[in-house]
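Each of the two complexes below includes subunit A, the first together with subunit B, the second together with subunit C.
Then we have the complex of A and B:
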């Protein structure tokens, strides 16, 4: 059976923390790519922001739907954002030493003729109060092949032991 | 000094690089924007919860009764 799911690179944040995790020089040899992130930030307002090819143009759309056990909220950015913004990392105001996780899926990332979509599901944990579960969909309105994906907390740094693994996925 | 983790997927090499002054300024601006965004989200959530509570009060239902009703 052909290997269709391959770990390209993995990284673990060291004791000093990290302001971002940046996968560069991603080969175009896969059909799709995926990133599994287990992370926590040292700020109360930190959510993950995903950037492609270091682009800061306001050409990303996103939609989020998230719930915390007592209410459900939806929000969006209609092409005025330079990043896609899912939920799924634990913040400093949540239970100590817990990490949120998210799975980022980018199909057809190497295409040079289509816009790039991304879907993300994520959860974080706050004992005895709430746990957030969220789905997000994003679109980068660019035909450029994705060769770089950067994840930056909106506030603060990733703490030690946060990890991210980039996978390449082939369709056969 | 804050650092960033850069992974070169062609070699597997991981580098920890100190942020430039410009990157630190960008990070601080992003943090400020995040704080504003979080405040907006909390306002929106509180407004929805208040609206829900108002409707339940008008109907004379508890949240549990409404949940049963909506199945």
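Then we have the complex of A and C:
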């Protein structure tokens, strides 16, 4: 039986921080891809934004559902956006050394005939307020095969020890 | 390193149809994962499940947490085979069925289901229950409308060790 869940690449942010986490030249040999990310940003208002193929076109949509310890909230891009915006990285105003986790799943990423759907589960526990647990649904309204996924904070940089691994999943 | 995440079967629809069934599922795994991706011709429809050909709706129930971009809601239903939804856009659903092959406990599933369908987009988590202790050997997935051509359904098996 073939190995169907393979690590393609891992990025670990070094001491200088990083403006993005970028997976380029993703081969089309898998059925689905998944990214597991553990990250923190050095800005108080930084949130993760996911870009595909370096596209900044406003052809992405997202909807989120999250709980912050006191209430459950749902919001959306309320129209098209240039990125998918999930929840799941810790910020500089949260407890030191806390890192958020995100699990990103993109089925049929290499298709050249369908729009691309994205599912993200994310958390940023904090032992204080501003902790969140979230789901996000993303959509890239493009038939292009995804060959690059870039995660960029809306503000600030990823701090040292932030890490992400890209996995490829085959259905046969 | 043993292979612990294996594809069992995959189906890509060549034409529209109302259901897909994975049958003769081996009991040799610990957990199952099903990934569904595709787009309906229009609208949004409920996704339902049926195990081992059990059509007794009273054996099925679910609880749901859902956000539509404006509000967060929770609902539950008894006598309902619901497990998620499918929609007009490139919707996707991932279903986890843990400990599916034991013959002593009822079976619980966890589903993440997403759509950004413009007029009725949602992101949701369903926990669903099948009140039956039988090992799961077949899974029928159906929608209240036809799945379109191009829909993909893949079932994976996960081994504990």
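Throughout what follows, the second predicted complex is superposed on the first by the 167 of 172 C-alpha atoms of A that agree within 3 Å, B and C clash if a C-alpha of one lies under 4 Å from a C-alpha of the other, contacts with A are read in each partner's own complex, and residues count from 1 in each chain.
In this section, contacts are C-beta pairs under 8 Å (C-beta built on N, C-alpha and C of every residue); 3 or more make two chains touch, one makes a residue touch a chain.
Predicted, not measured: the structure shown is a model, and the values here were computed from it.
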Partner chain in contact with A:20 - subunit B first, subunit C second, else both or neither: first
Touching partner for A:127 - first (subunit B), second (subunit C), both, neither: neither
Touching partner for A:136 - first (subunit B), second (subunit C), both, neither: second
Partner chain(s) touched by A:29 [first = subunit B, second = subunit C, both, neither]: neither
Touched partner set for A:46, first subunit B, second subunit C, both or neither: first
Subunit B versus subunit C as contact partner of A:54, first or second or both or neither: neither
Touched partner set for A:152, first subunit B, second subunit C, both or neither: first
First, second, both or neither for A:75, with subunit B first and subunit C second: both
Partner chain in contact with A:62 - subunit B first, subunit C second, else both or neither: second
Touching both subunit C and subunit B, counted on subunit A across the two superposed complexes: 71, 73, 75
For the subunit A and subunit C complex, residues of the former touching the latter: 1-5, 31-32, 61-67, 71-76, 78, 105, 107-108, 113-119, 121, 135-139, 169-172
Subunit A-facing residues of subunit B, complex: 2-12, 14, 16, 19, 23, 27, 30-31, 33-35, 37-38, 41, 44-45, 48-49, 52
Complex contact set, residues of subunit C against subunit A: 3-7, 10, 35, 37-39, 65-72, 74, 89-92, 94, 112, 114-116, 118, 121-125, 150, 152, 154, 156
Residues on subunit A engaged by subunit B in the complex (per definition of touch): 8-9, 11, 13-14, 16-27, 43-47, 49, 70-71, 73, 75, 152, 154-157, 166
